[in-house]
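In structure tokens below, several structures.
After this come two complexes, each holding chain A, first together with chain B and then together with chain C.
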Partner chain A sequence: MKNKIYILSAAHISAQTPLREDWMKNPILYNEEYVRAIEPNYKEHFSALEARRYGQLLKRALLVSRKAMETSGITNLDAIITGTGLGCIENTEFFLKDLTFNGEELLKPTHFINSTHNTISSLVAIDTKCNGYNSTYTHKGISFECALQDAFMQLNNRKINTALISGHDEMTPDYFAILKKTGYLDFSEQGFAGETAVAMILGTEKTANTLCKIEKVETLYTIDFEYINSVTEKFAKPDYIFTGINGQSENDNRYFDVCEKIFPKVPLLQYKNLFGESYTAPALGIYAAANCLQKGNIPVHFLIQGKSANCKSEPTKILFYNNFEGKNHSLILLSIC
Partner chain B sequence: MSKILVSGMGIISAIGNNVVETLQSLRENRSGIEHLRYLKTAHNKFPVGEIKLSNEEMMRMLNIPENLPVTRTSLMGMLAVHEALISACYCWRNQQLSDKQKVAALFKMTDKRIALINGTTVGGMDKREQFYKDFLENDSKNDYIKSHDCGTCTEMIADYFGIFSQLQTISTACSSAANSILYGAELLKNDKADIVVVGGSECITKFHLNGFKMLMILDREKCRPFDITRAGLNLGEGAAYLVLEKEEHFRKRTALSPLAELKGYANTCDAYHQTASSPEGDGAFLAMKKALENANLSLSDIDYINAHGTATQNNDLSEGTAIQRLFGDNIPPVSSTKTFTGHTTSAAGSVEAVISILALQNNFVPANLGYKKKMQELNFEPFTNSHKTLKPVRVVLSNSFGFGGNNTTLIFSKL
Partner chain C sequence: MNTFSQMENLILKLKEEIIEVLNLEDTKPEDINENDNLFGDGLGLDSIDALELIVLMEKNYGIKIKDPAQGKEIFKSIKILAEYIAAKRTK
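Up next is the complex of A and B:
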């Protein structure tokens, strides 16, 4: 008998009001192409020394992790698994800039220590005193779903009973400019580049604040409809598909095409219009979908013109689907619990 | 539970461009640690374990066009994955098949369910540090921007072969490749893939050479793991991959013997410090203990410990103490092969997995080169004479520990 797996709690710091679900009723809308996360007041949570030592991303990661744990009521974690596309890019850049412009003699070790990808998982483990399984996935737009898949398999097999999974990416002005050149973060027309900090507690036992159930997690590298169909055949037909539509027409059309082929006529939704694009934006999408299931409603700003017909008022099953530039597809089926 | 078998392996490091050369160097106690040859840095006095090939030479070996924006980590990865895949095709060794046909035949058997799990932390940092100024100031090196991250490094390796349906990149610093092996085995057990290619690749960059230098953990001499005079590590670079599959899948395609069995594994976290290990080696102790439980083996079953053994003050004390705590008075031969390859960081877990399997296959314990005098804190000495066979090597335990107290232990055995 396989386990049931739940998202017990989730917390975010992003372009929307941090650590709250205000975006459901009162979303903040943006017209810029690049939006930094709204920072909570860190002074309430960190000593002056900690606040100085840790970069923005590490502070966010610690705070959303603490908040998610508090909401879930879980105090003993069995695993900590992080997804991050770029890791601590701000500190990486500090070190790179010194290296590039000042040579190899005046570098700061703190920047190096805080630049490695797994410094996030490690710091959260120290903060939560968790000696259990600890891993970090860093594969572009699918980094968070890899972390989710790892936790899902271990929970399913009863190797662990709880896991803290998270998705973290910060975006510095220089890195935004660099990635805009590749087209990935080119939002000259619509949409914006954002930042992500999401922590979720997964568990096999339902608790009072539980958000939803995770039914299935599938990832695949290149599109192959035969394969996708063989996977989705096992899925019950969802009420909605949460897509990674972000305002870039090439990206958006890809979602319309794929969704039409796998689940025709199922209404499509978006979330990147509120949270922005980032490597770990799917963490925000799953967080948003989980909240929609728990609260039994879909905010109107998630609807897509011409693609959200036949909407059911209270969702019971949501398919989350993301891809990254046409590769790295993830399919996650969530349901009410 | 079905056994997880190692059906292929490939390696490239300072001591050889393939498995045969690697074994030869190990048997002849020939270290690959030398002065810097390829990386351009102000700190060229530090000895390192570089791969003895330039990027251009690797591109020629792989038939890659000169103008393609590839990174050193990817090139090394392609060479090692290629060797691993071809070696897994030995069931067709008597047939006149080209390498390409062999890989295609393997792919056909998997119902498109073949995964590549790659460990790397440096990723495309070699080109990023070289062209960062251009990225910021002009458009001349834009082609290289896309190769900047870890995920792209994995995709470049995968795209060279075009057979992988699932990709994942793990970045847990110096335990990355070991965690990839562990995770690949989990994918098989959960029926998410039929074959997984698992390991890691990492080239030396100015970025982490300088980072390690700032942390004052680089030795100006050749490293001396578990020695009282140890003064730090030598950086190395390398790539190594294993092909894993479940026993029933393997048996379907061949009656021959696999290379080894992945018997058990565990990953734990020290949760002590961002860069240092706890002096008592709590995380290391727990990783080894849990791996033994996972493998369903007892302490006396272990014939050889391939230690993480970086030769830093901190690691060797912490790891040595953990080994002593766990094994008590019956410590099997212990050696660190980083004296051969240098510390290949994210690739170390799979580089040393291949070395561990070579030890199993050839019944020997690689020497802990450069060792002279015992550490005061430990009651054991590392194994120094690879020609002295003690007893058959049937089970090997291999440790990989990373920044942030990320501890992984893998256990391989003969079948």
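Up next is the complex of A and C:
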């Protein structure tokens, strides 16, 4: 018999008020194309000596991990699994600039140490004293879902009982400028590029603050006709579908097209209008969906004009659907518990 | 400028450089006693900071430290470090 798997807690640092769920009632709305995460006061959480070697992304990762653990009451983790599209890109940029401007000599060791993708997962492991399974997935827009799937399978097969999964990405001014210049991101009409730091504690035992149950996780490279036909058999009909629409018509139409085929007439929701676009934005989407299920409420700002009719007041099942440029699809079914 | 003032200026400059390169937020030059240990119970620096200091010495003063045992002596305090730089600097 397979285990039941729950999201016991989750914490975020993003474009919305950090470490809180204020976005449910009082979201911060943006008109800019590029929004950095709102930083909490790290001095309340780290000593100056401790924080001096951490870049912003590492500080965010540590803080959301600590907060998620505190809320869940879990003190011993069996696994730490991180998804990140870019890793510690800010430190990578520092390191590359050092290489360029110093003739590949006199490189700062701190920038080098912090420039690897798995720095995040390893630092969280040191901080939480978790010597168990530790892994990092770097797979562009599906990085977080890969981490989630890894944890889900191990929990399902009783290899572990708890896991801290997280999604982390920063958007530096230089990286944003490159994405804009190449036309990869275009938020001239609506939407924005944001940053993600989300940690979730998954476990097989429900606790007092548990957010929701994870019913099913599937990832696949391409969606074909055969798969679309099988979705209704594999997944129970949800009350809502959380989608990754972001204001770019090419991206949004892909979601409308697939959702219409898999579950026509199920209301669609968005979350990137509040949290922004980043490789691990799906972590924020799942965090948001889990909170909606726990609180029995869908905030009005998640509704999509013309796509959110027939809304049910208290959701019991939410399907999270994401794709990255029409490939690397993920479907995650969450339910109340 | 006499030798005493030159040394005082070098110590102040070193403190500012160390604060910047080691990212010691909220630390001001006057918070660092020039005779305190840089490592352990003094400023609390560690081995990665030592690597940063080696890079700083070479980049800013043209001094290459090749022998780790030598580094242990040189990095004892800001004052000892400043005296070493004053004697060995090439830029």
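Just so it is clear, the second predicted complex is superposed on the first by the 333 of 337 C-alpha atoms of A that agree within 3 Å, B and C clash if a C-alpha of one lies under 4 Å from a C-alpha of the other, contacts with A are read in each partner's own complex, and residues count from 1 in each chain.
One rule holds in what follows: a contact is a pair of C-beta atoms (placed from the backbone, for glycine too) under 8 Å apart; a residue touches a chain by one contact, two chains touch by 3 or more.
Only a predicted model underlies this, so the values are computations on that prediction, with no experimental measurement involved.
S.K.: Mind checking the superposed model to see whether chain B and chain C fit together on chain A or clash?
M.R.: On the shared chain A, the partners fit.
S.K.: Could you look at A:L49 and tell me whether it touches chain B, chain C, both or neither (first, second, both, neither)?
M.R.: second
S.K.: Let me test your reading of the model: by the given contact rule, A:T182 touches which partner, first (chain B), second (chain C), both or neither?
M.R.: First partner only, chain B.
S.K.: Counting residues of chain A touched by each partner, does chain B or chain C come out ahead?
M.R.: B
S.K.: Quick check on the superposed pair: does A:F95 touch chain B, chain C, both, or neither? Answer first, second, both or neither.
M.R.: In the superposed model, A:F95 contacts chain B only, not chain C.
S.K.: Looking at A:L106 after the superposition, I want to know if it touches chain B, chain C, both of them or none. Which is it: first, second, both, neither?
M.R.: second
S.K.: Between chain B (first) and chain C (second), which does A:C130 come into contact with in this model arrangement: first, second, both, or neither?
M.R.: Once the two structures are laid over each other on A, A:C130 reaches chain B alone.
S.K.: Per the contact definition in the header, classify A:K327: touching chain B only (first), chain C only (second), both, or neither.
M.R.: Touch partner of A:K327: chain B, not chain C.
S.K.: Put chain A at the vertex: what angle do the Cα centres of chain B and chain C make there, to the nearest 10 degrees?
M.R.: About 70 degrees between chain B and chain C, seen from chain A.
S.K.: For the superposed arrangement, tell me the lowest C-alpha distance between chain B and chain C in Å.
M.R.: 8
S.K.: For chain A, give the residues common to its interface with chain B and its interface with chain C.
M.R.: Looking at chain A, the two contact sets intersect at 107-109, 113.
S.K.: In the complex, go through chain A and note every residue touching chain B.
M.R.: Residues 80, 85-87, 95-97, 99-101, 103-105, 107-109, 112-119, 121-123, 125-126, 128-140, 142-143, 146, 149-150, 153-154, 156-157, 174, 177-179, 181-182, 219-222, 224, 227, 327-328 of chain A touch chain B in their complex.
S.K.: Given the complex with chain A, which residues does chain C contribute to the contact?
M.R.: Answer in residue numbers: 21-27, 44, 48, 51-52, 55, 58-59.
S.K.: Quick one: in the complex, what on chain B touches chain A?
M.R.: Within the complex, chain B contacts chain A at residues 41-43, 112, 121, 123, 128-129, 132-133, 135-136, 139, 142, 145-146, 148-152, 154-155, 158, 164-173, 179, 183, 186-187, 189-190, 192, 206-208, 210-211, 214-215, 267-275, 282-283, 286, 402-406.
S.K.: Please output the residues of chain A touching chain C within their complex, sorted ascending.
M.R.: Residues 43, 48-49, 51-53, 102, 106-110, 113.
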